[in-house]
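Notes to accompany the following structure.
Every chain is named by a letter (A, B, C and D) in the order it is written, and numbering of its residues begins at 1.
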């Protein structure tokens, strides 16, 4: 048996529904249809009345979740694509994110954002919005890169008392597989050393983990050992693990799929520069997508985001500077 | 005669309306009432039919501006507070910001965002959203800190062919004064050395410029000469001016009023660390607001954002490390 | 599916005199509280804005007075009276405006943003319309838990009806057939913007049919009419007849906030029926229907003023929050707090 | 203010036979184009989704066929036919799906997102409802410039009516009394979501009165009825009678996208009147009203297919954009481009 990233998300939601009567799922087409990507397949039948099709109203969907959370429920809401969360934006950043600070009442909602680029998806079905949400106080932003994390982090997302923006990468949905679902998990909030190395540190997350691991692999025959860190959550950001790695390697490349201005990469570099300046043997580097909307044509898309070969090339620069 | 920051914004809009028949203003209460802050006072009477009260519909207001821009108009839209732009967010980041890239048709709209904290304004009338907008490709983000810039940058915002997010700081509206409106201006996109110095560089923008200048002043009697750079626009970000200053001083503190995760400060530090690593004699530092909603109580608010004394204290650390 | 928009002209005879008295005293208390807030503002003792509901006390009181423990109330800007009727106190009002650490918002948020959500008293954010789906969500969770007979009331202005959030929220409530009463206080203006620049329908009640929900209309300057209309609407919601929309016409008799002289208000409106002061109307109604005498009302007014003074005395002696003792955390799960807080080091 | 929601059952006799033929041939061309897109999709030759309007050609054609040069058309997902009727070409359709650098989107955006805004043919973003205020804005600018007699048409689905953007946009258009026709294609589902989970009003047309705009209703499977209804609506808008709402009932006869087998569609609906194929209905109508013969239609069908083949042949030979030649700029003012582009160095 093997389980995909998408199946892991489905299985975690199933377990959450089974374990906790306060959990329900609300979103467009999540009911009998099972969701645009089938992340809620069969759940409506398994849990009658608890997995419901929503009207085409992202603002109201998130608003409903906040109200339900006030009353003690633990809603999971699905945005059909991360890109559409812009129309539920206000409820996320001003309603959900401020509730605890203002009223002392936690807001245990999970907003699932099918994120990131895929072939031919174009400007409005490809976005990576983790940095936008992480900028706002009051939100936890998860960016699982593995099947195991997709599962265990979804379970933790449902169980913690705060609003979680769950950025699941669509490119990993069907292709990324594991032998089985994990029994144990690293605590959320801790980054993971996905590959140990000594010559340079790559900090990355979500789908870019796999491009980065490939780049690290490609550099082995050139004699380089690259350490790759998977952030897992971008807020909180596990600065300690990053600094410890940079302390060993002295070199840092941060890789992300989001746009270049600001974002996770800027935050990581900024933390290392301010808190670990002395650890750096060379200028840190970063790789982002380009500063345009995500293009539709496969050739443009391939040139818009970092890929393993670009990462490897940049690492060569970093290693020899 | 003297002119305030707010009057400068009003005067610039007046001039834009007078000079260019394609310009119109649309927003809540901007008509005969002259706007919540009076930034459009008398303009409706002066330019009949071109300064119109909008329904309470931020999404539609921005949408209307984009449609009008497609037809060759140059709309200025006012959000009553920056914080309310979250409900016009989608039209800004997905409609206006992508139009040129997708269709080759420029989108000359100006979205005015009365930004930043003021006494007792609380979580929803105090926000600084420049970093959120700067993250998106396709937008120019201006953050004028002086009366002169408020005027000349507004004029340029209207005249350029791209969507401009014009972050005007409410704290400066009434108190910041100049003798007269400027005849010439530094080009938009270029940062300004607001105060020359040699011991450390403070990079800042908007209302924090004034706190930073005060801090620099306070350090004079301790023998320090602090260079203060006013970014003026945060996108584009004038990396060259920053690097040139850091090359002279070797030390960098970035100060902003926005939340700590990501944002302008992270982007500035990240650029200096990646492009000017060798210029730094010490770890760069940053000061942001705290990672909570902007609190209502004056005492909390004063502790939430950087102030001159906090900036001065941080500079002392920077100078002696 | 209830689609007919009903209109009802109401007489007072369905209402219990004790309720009429209670409602009127709440109105008096709200007015006295707000008068005091206005003086505090003028004296510079409140930092930030002061937003009052003068002229809307009757409708606001009616909005929440038929609610019971376990119901949900999501008030908006002009709902000082409805808040008090639902259980908010004058003390908490002043505490919030003055930023007392003992207030429900602990100085973190102010003025009209207060609430005690655990007690069904939701705390609005500023973004108009945004509360509608939240109250709907509260009701949704209650139903999911098997609770029946719960009602949620929220209010909105003529301006707020133009927001996407209002539309999405009301529509969702209609689809889910939630026991939500939406009270539209059509006070003719949104800040300075007149209805003619806000909507083009002949009557805001025409919106009810578009959502497939029941509609009621009343004169918001008339306390008896407001009470009777809201009683019907709340009862219909409680009986499971889905969302109810109430449209009331009235005028706010103050500025948008105390900084605003409301010079834009059409003088003719002030003179018209819509510009009546509901407290005066109510006094006449109570006297004419032999529920109270002018003396009773004079006594109640004094008592309300005294209550306001007492509460203010307490609130003014309370401390604001101490920044040094704040945890400066926006999430509740401590282990997931993001470690990066520059200002903390100072 | 026009507030009455009118309903009109239409006969074909008001329409010029030449127009009927033109409309039908557009419908045929749209169908042939989409059939080809479906095969290309199945053959893996299109990257990304394919979203077709099969069953909606009559309504879609009617939406734009009464527009003139200088008017504005803001089509949505199911508007292949309306696009063609407004001047889009089969060639540009394929170019966009295949990502040709010569297409209007130059490979930067794809499929249904194409447009030529300078020619009044607006290019939708994916977010449903978002186009409504944009078309309104285009009309607003035209009026400001002194142009009269301009009309804008945009369309939306049953699902899209639930968006805040739709609400704000229609309301704003009503307040501004803009010459906007909003065509609601009620095809019973939003992706898999049936109307019962989308709205609770008895009829979507009930929304018109809530905005204070005129309303029309038609059978979207009936080409003649659709044409006559849209003719009336466009004419009313052109004459300055403010926004017009047209609600048409029909069914999409394909999946939401070509990846979707639409297994969720109620079999009874497929059998009902609403499930008719408008191309078949149109053929019968043309023949019965002596506008065309079955042979004519067979010839036109062949011609449409030939046009599609020709266009595809051209588009398939065209190159996609060359990443190395792109300027990778999202703003037009070069001097304000932000200098920081990591990938450029590679």
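By definition in this document, a residue touches a chain if its C-beta (ideal position, glycine included) is under 8 Å from a C-beta of that chain, and two chains touch if they have at least 3 such contacts.
Everything numeric here is computed off the predicted structure, so don't read it as measured data.
Colleague: Which chain has its C-alpha centroid farthest away from the centroid of subunit A?
Modeller: C
Colleague: How big is the gap, in whole Å, between where the Cα atoms of subunit A centre and where those of subunit B centre?
Modeller: A distance of 30 Å separates the two centres.
Colleague: Just curious, how far off is subunit D from subunit A if you go by their C-alpha centres, in Å?
Modeller: Spacing between the chain centres: roughly 35 Å.
Colleague: Using Cα averages as centroids, what's the distance between subunit B and subunit D in whole Å?
Modeller: 40
Colleague: Distance between subunit C and subunit D based on Cα centroids, please, to the nearest Å.
Modeller: 43
Colleague: What residues in subunit B touch two or more of the other chains?
Modeller: In subunit B, residues 54-55, 57, 59, 83, 86-87, 90, 94, 97-98, 101-102, 123-124, 137-138, 235, 237, 261, 285-286, 290-293 touch at least two other chains, as defined above.
Colleague: Could you list the positions in subunit C whose residues touch two or more of the other chains?
Modeller: Residues 105, 108-109, 113, 125, 127, 162-165, 168, 171-172, 175, 197-199, 329-330, 338, 340.
Colleague: By the document's touch definition, which label belongs to this structure's chain graph: line, ring, star, complete, or other?
Modeller: Here the contact pattern is complete, since every chain touches every other one.
Colleague: Please name which positions on subunit C make contact with subunit D in the complex.
Modeller: 1, 3, 162-168, 171-172, 174-175, 177, 196-202, 206-213, 242
Colleague: Hey, which residues of subunit B end up touching subunit C in the complex?
Modeller: 28-29, 31-33, 36, 52-57, 59, 81, 83-84, 86-87, 119-125, 260-261, 285-293, 295-300, 302-304, 306, 310, 313-314
Colleague: Which bits of subunit B are touching subunit A when the two form their complex?
Modeller: 59, 83, 86-87, 89-90, 93-94, 97-98, 101-102, 123-124, 131-132, 134-138, 235, 237, 258-259, 261-267, 269-270, 272-275, 277-278, 280, 282-286, 290-293
Colleague: Spell out the residues on subunit C that touch subunit B in their complex, using ranges where they run on.
Modeller: Interface residues on subunit C, with respect to subunit B: 46-49, 99, 105, 107-111, 113, 125-128, 159-160, 162-165, 190-193, 197-199, 264, 320-324, 326, 328-330, 338, 340-344, 346.
Colleague: Note which residues of subunit A are touching subunit C in the complex, please.
Modeller: Residue list for subunit A touching subunit C: 24, 49-50, 54-55, 57-73, 75, 87, 90-91, 94-95, 97-106, 137-140, 160-162, 187-189, 233, 235-237, 239-240, 271.
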